[in-house]
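Chain IDs A, B, C, D and E follow the sequence of writing; residue 1 opens each chain.
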Amino acid sequence: MADAAKMQISDEVAIQITGMNKWYGQFHVLRDINMTVQRGERIVICGPSGSGKSTLIRCINRLEEHQQGQIIVDGTELTNDLKNIDKVRSEVGMVFQHFNLFPHLTILENCTLAPIWVRKVPKKEAEETAMHFLTKVKIPEQAHKYPGQLSGGQQQRVAIARSLCMKPRIMLFDEPTSALDPEMIKEVLDTMIELAEEGMTMLCVTHEMGFAQAVANRVIFMDQGQIVEQNEPKEFFNNPKSERTKLFLSQILGH
Amino acid sequence: MAFASDAPKDGFRLSMLIYDTRYRSYTIQIVVLVLFAMAVAWLLNNTAQNLAARGKEFNFAFLWQRAGYDIGQALIPYTNDDNHFRALLVGLVNTLVVAFCGCLFATVLGGIIGVLRLSNNWLIGRLMTIYVEVFRNVPLLLWILLSYVILSETTPQPRDFRVTDEMIAAGEEPAASMILFGTVAVTNRGTNIPAPLFERSLGSVQIGFLPVSLNLLAFILVIVASVWANRRLLAHAKAVQEATGDRPVTWWKSLLILFGPVLALKFALGLHLEIPELKGFNFAGGILVAHSFTALTIALALYTAAFIAEIVRSGILAISRGQTEAAYALGLRPNRTMSLIILPQALRVIIPPLISQYLNLTKNTSLGIAVSYLDLRGTLGGITLNQTGRELECMLLMMLIYLSISLIISALMNLYNSSVQLKAR
Amino acid sequence: MSETHAQTVLFVRDTMLPPVDPPIAERGAVKWMRENLFSTPLNIALTLLGVLIVWWLVSASLPWWLNSVWNASSLSQCREIVAATAGEGASGACWAMIRERWHQFIFGFYPASEWWRPVLAFGLLFAALAPVLFAGQKRNQSLILLAVLAYLLVTLYLAGAPGTAFLLSLLLVAGLLVGAQLAPGKLLWFTLAFPALCFWLLWGGSVWSPIVAMAGFGVLYAVFRVGTPFIGLVPAAGAGVVAAVLWWLYLDKPVVDALQAALPFGIQSVRSDLFGGFLLAIVIGVTGIAFSLPIGILLALGRQSDMLIVKTLSVGFIEFIRGVPLITLLFTASLLLQYFLPPGTNFDIILRVIILVTFFAAAYLAEVIRGGLAALPRGQYEAADALGLDYWQAQRLVILPQALKISIPSIVSTFIGLFKDTTLVAFVGLMDPLKGVTQIVRADINWKGIYWEPYIFVGTIFFLICFGMSRYSMYLERKLKTDHR
Amino acid sequence: GTLDDVKARGELICGSNTGLTGFGAPDASGNWAGFDVDLCRAVAAVVLGDATKVKFLPTTGETRFTALQSGEVDLLVRNSTWTFSRDTELALDFVAVNYYDGQGFMVKKDLGVSSAKELDGATVCIQTGTTTELNLADFFKQNNISYQPVTVADDSEAQRQYLAGACDAYTTDASGLAASRATMPDADNHIILPEIISKEPLGPVVRHGDNQWGDVVRWTYYALLIAEERGITSANVNEVAASTADEEVKRLLGVSGDMGAKMGVSNDAFKNAILAVGNYGEIFARNIGEGTTINLARGLNALWTQGGLQYAPPFR
Amino acid sequence: MADAAKMQISDEVAIQITGMNKWYGQFHVLRDINMTVQRGERIVICGPSGSGKSTLIRCINRLEEHQQGQIIVDGTELTNDLKNIDKVRSEVGMVFQHFNLFPHLTILENCTLAPIWVRKVPKKEAEETAMHFLTKVKIPEQAHKYPGQLSGGQQQRVAIARSLCMKPRIMLFDEPTSALDPEMIKEVLDTMIELAEEGMTMLCVTHEMGFAQAVANRVIFMDQGQIVEQNEPKEFFNNPKSERTKLFLSQILGH
């Protein structure tokens, strides 16, 4: 499977980050980040708590502003220009740790909201697309329920479907399974693996090392706001180079 | 590396004012500011034109003209020869006094009702619920009008107190008599209460425009001193408790310290009460508390108490049962649990909404208009406005004063809130 | 020891015990009384006190209620009747006054022949509220509409509505009912049109004035839609507002006149100085809350904004309004508003009062809604951003629906407060039911000296309305809490 | 000017009392009636030819002058006292005195008081927002006696308090006292003390500077006076107009001359007014005169020919 | 360790419950409870949800009133007599599922409150004792923080220390670990095991079967308000007698 995945990686650059720095007030949270993501790549980001993983991927769709350097997503540079931001956001889907579904809308409405209002898709078409993706994440029968009526795993799958409905070219995941009970983690990971197999460009912050080994092209390890090490998953897990990585892996895997 | 990106464009384009996050908010703010300034300018211009058209000008000099009217309840010296500003002050003091008394009674009453609503006594619980619902859901104005009518309709006229020779001869009792051991007379005009008088006076000093009685000052000083001494006593008791574990009995010492010096001073100055007495048309001597004041206070207190009761009730309910159980499990008695565990926590929940009720009450004192109570609105916003025809100045000044009171109270509230914030991660 | 202990330890129950009833002392009325009335000495004392209070209240007021007089033409006649039936010195309520003057408490001086109009407007108010309160719920909407239909059938008949009006209004509601079945979402259009309809019903006059006034919004929207592709969203919105204002300022009147000349259709116009009683209270209360809601939302958003000037202005406005008593604002409406408007402008005191009351309610609502906004988790904002919704879309589609839902109880209690406060308009010379109408009634020689009856009557109606609303909001709160789970 | 505004509007807006029996109060069906109200109706008849085209805006003591200044009402007829400062500082014009009044006191008979100077220490009910509280303060000060003021917002409340004995004396304009007394169940038990402590000339008020409008109101009022002087009543006005030989009456009723037109109203304007509300005497008798519940004698308000102060300048 | 524990059990009776019944209104929640607890015994109570476990131990320090039968704690019978209740409560410590620390008091004040006001211990002495027990539960350094500033595991340890400060002769635990994250459960169980080793008489409602096997002398299984089975832990887990117990154990352990 890993091979199949590799084959889909094209030369095209999906995300290009150069010399990016970010501060929260006085606190230097991201330091000189440089990375390039090819279209079709699946990248797992890991690292200790507070190392800036969330901040990094939130910068990619401008939920956070960076102060130095350049982030180019799908050919659009993220500057203060609202038009660019809108463009990037409609190309990039994001799945959060706490799902963040809209509790006052049904599952279907959650999925059709953005296509209708942002992409201006006719309602009927949007609903068809939504049902397609809901079927894909295996919960078409829940379409008319409200988020509060679903289990955590189901909610997270809806969140993935909701992002997919915008037909994004890149998906960002911020610890999508860490708020879930063990049984539910699997459901969500399965969905993500399926997505990966279809060649979606994915950046995923996760500590699920099994997932990383199964689908990632590359694992990035961050600490103190810096990229400390990146490598192919097999190499990364079996043969970490830096001391910091070794320490981290011993904790994670020993746990 | 075949990605096509527009080369980063420098330089400023007009569209950036709207589409660039950096400038966008400035653009909006400047537009808002300009609109606001225009609106203000428009209003000011209109006002100026209107004033000119009516041959009026905008100044506050009228405040220093002779007021010429009398005020029934003046807590600072005032005659109709004083100026409008002084009348304003009298009104302000009247407002504050009603607000203070109202808050005091509302808190006591609301506290009691709130606690009783939680009692497991079914009857009392129901009665209190009815009280709260009835008072909350009917306009305050009705309560004010009603309590005024009740007070003036159910109380006797001063002449009903009169005892004439014929009546003595016939052995008749007067139609009404004074209460509280013959010291207080409640008539349909007001409540006459005894006034404190001194045989030996220390005189008085003039502070600003207010004469302050030295007697009063002496009393305040002595009371402050005794309270301070009592706190020392309690602190000492606490120290003893901390050292030995046993708390010494303090209540009789406290009583002695609190009341001894005051009593001594009373005898030293020869304080006695001037009992009101029926003379001519009215009771003379003592202090007359007008019914407009009493009715307003009662209505405000009853109405606000209903809201405070709810606040108290939900404040206590907000403290989880677990806290009580934990305290019981540690062996604390119910009353100690209340004072050491429940109340300190409940107060944090209760006080902020309580203070906003105080604020409401203070603003609602302006309804004294319904019973012609001469508060700030009645003097400055009523008779002064009427006699001088300066509605713009009077209304603006009045709003400003109310606003200052509100802001001061809410500033205090914020201070309190930040000081009792529960520490959390 | 340890051996024997292990032996004694083993215990296996072979038959499960069935539940049995608690002992007598733990059951029934005895237990209930013991626990609820006489559990401790303090409780016994409280119970006795409670009984005493109830007894005192009842014994003091019961004769007065029992001796009520319903048929009399003046207070003195009432007193004679009481004296005749219950003996000299007995007191009795004189409800005859209410019987004779009830319409003033309800309608003020609104002409009797036109009473059907406020009655109709009141019924339609609920029809207009239904789509808001029960968005998309076919069943509840239909239920409300049915209730409105029934209400109108009875009240319009009682109020003697003319036949055409009767038929038209029933047709309208029936149409809405059908609409609720076919497209419940579309009923919102009726809600939007309702303010104009209501205004026309109450004030009367040419049917064209409300229609042309509403057309102003159409102009706004048209300019906005046409303009957006050319000049962009924000400028187009601005142009729309300008166009609409121009419409209202310059075109409104001639167009109305022209239409009225061509197609004269109207109802008798009723001046607002005839409004009074609960009609006035409800008009002020409902318009106040309806118009203050959007303003309150904007103020709340402004207060949450990170733009300093916008925030400062919002905070300043909110704090100022909340810092002064309503009564001073009402005096502003009656005394000062004229100073602030261009010389020569002059409009209805009721409208001026409504404007100030709207500002007042808006400031309070802004605080309430701010609470709702603050209660939303940040994730909702982020998810909306991440989906590419812009600020206004995010607010409208994601944030506000939730924030408003959270704030419903507080919004309702603001409304209750506002409704109670409408009584204060008496101080600027309007005829509110509590003081205004009562004063007029008491100025009548026949009823001079009557106190309790009008207060009790008006108080009871206020209580029923306010209590009903607060109960309804509690119900709504409970329902909203559960239906998504 | 206001005249044109009123004509354009087709309706006269009058600032009235919120309800003062006899002078201006709405009845059960909302029709306003009273002494002041009839003057408004007369003005409407003069300007618009129809005495019913009046809208009454109830004003309180506080709001009345603002309402007039801001143009909310065209005319204020709300027993307002003509004083120096109101005339000058408030930019108002009092155009005539339709009722000469003075402030007096009413007490219960059994109080045993026969002069206001014996009221030392008494509790006195006053309506706020008028000149009465100033007069009262001055009076007691001059006589060096003390009193306890109870300020009350409106007449019915003041009466309630007085009757309940919450005050020993009730002070307001003597006409008001009489009106109150008349409606009391035990009118005989109350007396109005002889002292009249102030002059209270009550009259219609218009905005300062609008002289044309002021003239219309003033001459409407005088027309009613002249009508009484000449015995023209609502019943006989048509007849008189047809038959009179008196030149002044002819001018007044628009039979000859163009007095109305000069003022900007129709020539028979005053005839309309008389037809609609009657002459001054009729208005007085109908609303407050002897025989009504208010039961006021003409007193100072009798025509000058009968020893009163009501005197109209010549209509020429 | 189990042997060491056994040795400390004396013949003295700590708690004696005979024929105890309790109703909530009409609901018969505890039915004919008979049990004897020797001083030094460590008893684990388990059973399905709603079986009355909490109610039972809450009856032992009279947080709930029983209506029939006798409860004698440390020689004092629990009746309506307030003095007896006070006596029992100051001898019996209790730890709740949700800690129930007093949020307005510091950790140290939480621990010294009852000794000072109930036992009338001088403040200084109370603080020394408190620090001693806080050290024992390994959080002396948190003494001056507020409960809200601690993690769940730390809070529960404070709750244990607070009870210990009253020097109770019997400790009751009501699901002390069920509100905690997995990592924190261990901290708390360690503390409890340590206590057990010192010979404290303990009644513990818990589903931590590892804990039961490690320290309990006896496991009591309740269902529908009745004691269905009790036995030594080893026997109880390996060889349950009643059908009900077998079913329950299969669910718990299978999980």
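Following the convention adopted for this analysis, a contact is a pair of C-beta atoms (placed from the backbone, for glycine too) under 8 Å apart; a residue touches a chain by one contact, two chains touch by 3 or more.
Computed from a prediction, not measured in an experiment: that's the story for all the values here.
In terms of the stated touch criterion, the partners common to subunit A and subunit B are C, listed by label. The most central chain, judged by C-alpha centres against the centre of all protein C-alpha atoms, is C. Matching the C-alpha atoms of subunit A with those of subunit E calls for a turn of 165 degrees, to the nearest 5. Greatest Cα centroid separation from subunit A: this falls to D. Each chain gets a centre from the mean of its Cα atoms; for subunit C and subunit D, those two points are 41 Å apart.
Averaging Cα coordinates per chain places subunit A and subunit C 47 Å apart. Between subunit D and subunit E the centroid-to-centroid distance comes to 89 Å (mean Cα coordinates, whole Å).
Averaged C-alpha coordinates give centres for subunit B and subunit E that are 50 Å from one another. Annotation for subunit C: residues touching 2 or more other chains are 331, 335, 338-339, 427, 451. Multi-chain contact residues of subunit D, defined as those touching 2 or more other chains: 62, 66, 69-70. All chain pairs that count as touching, in label order, are A-B, A-C, B-C, B-D, B-E, C-D, C-E.
The touching residues of subunit C, when paired with subunit E in their complex, are 1-2, 5-6, 9-14, 16-17, 19-23, 26-27.
Within the complex formed with subunit C, the residues of subunit D that make contact are 18-21, 25-30, 55-60, 62-63, 66-67, 69-72, 154-156, 159-160, 163, 183, 185, 293.
Of all residues in subunit E, those touching subunit C in their complex are 6-7, 9, 11, 21, 23, 25-28, 31-32, 38, 67-68, 217-218, 223-232, 235, 241-242. Interface residues of subunit C, counted against subunit D in their complex, comprise 76, 100-101, 104, 108-109, 111-112, 271, 273-274, 331, 334-335, 338-339, 344, 346, 349, 427-429, 431, 439-440, 442-445, 448-449, 451. Within the complex formed with subunit A, the subunit B residues making contact are 1-6, 8, 16, 18-24.
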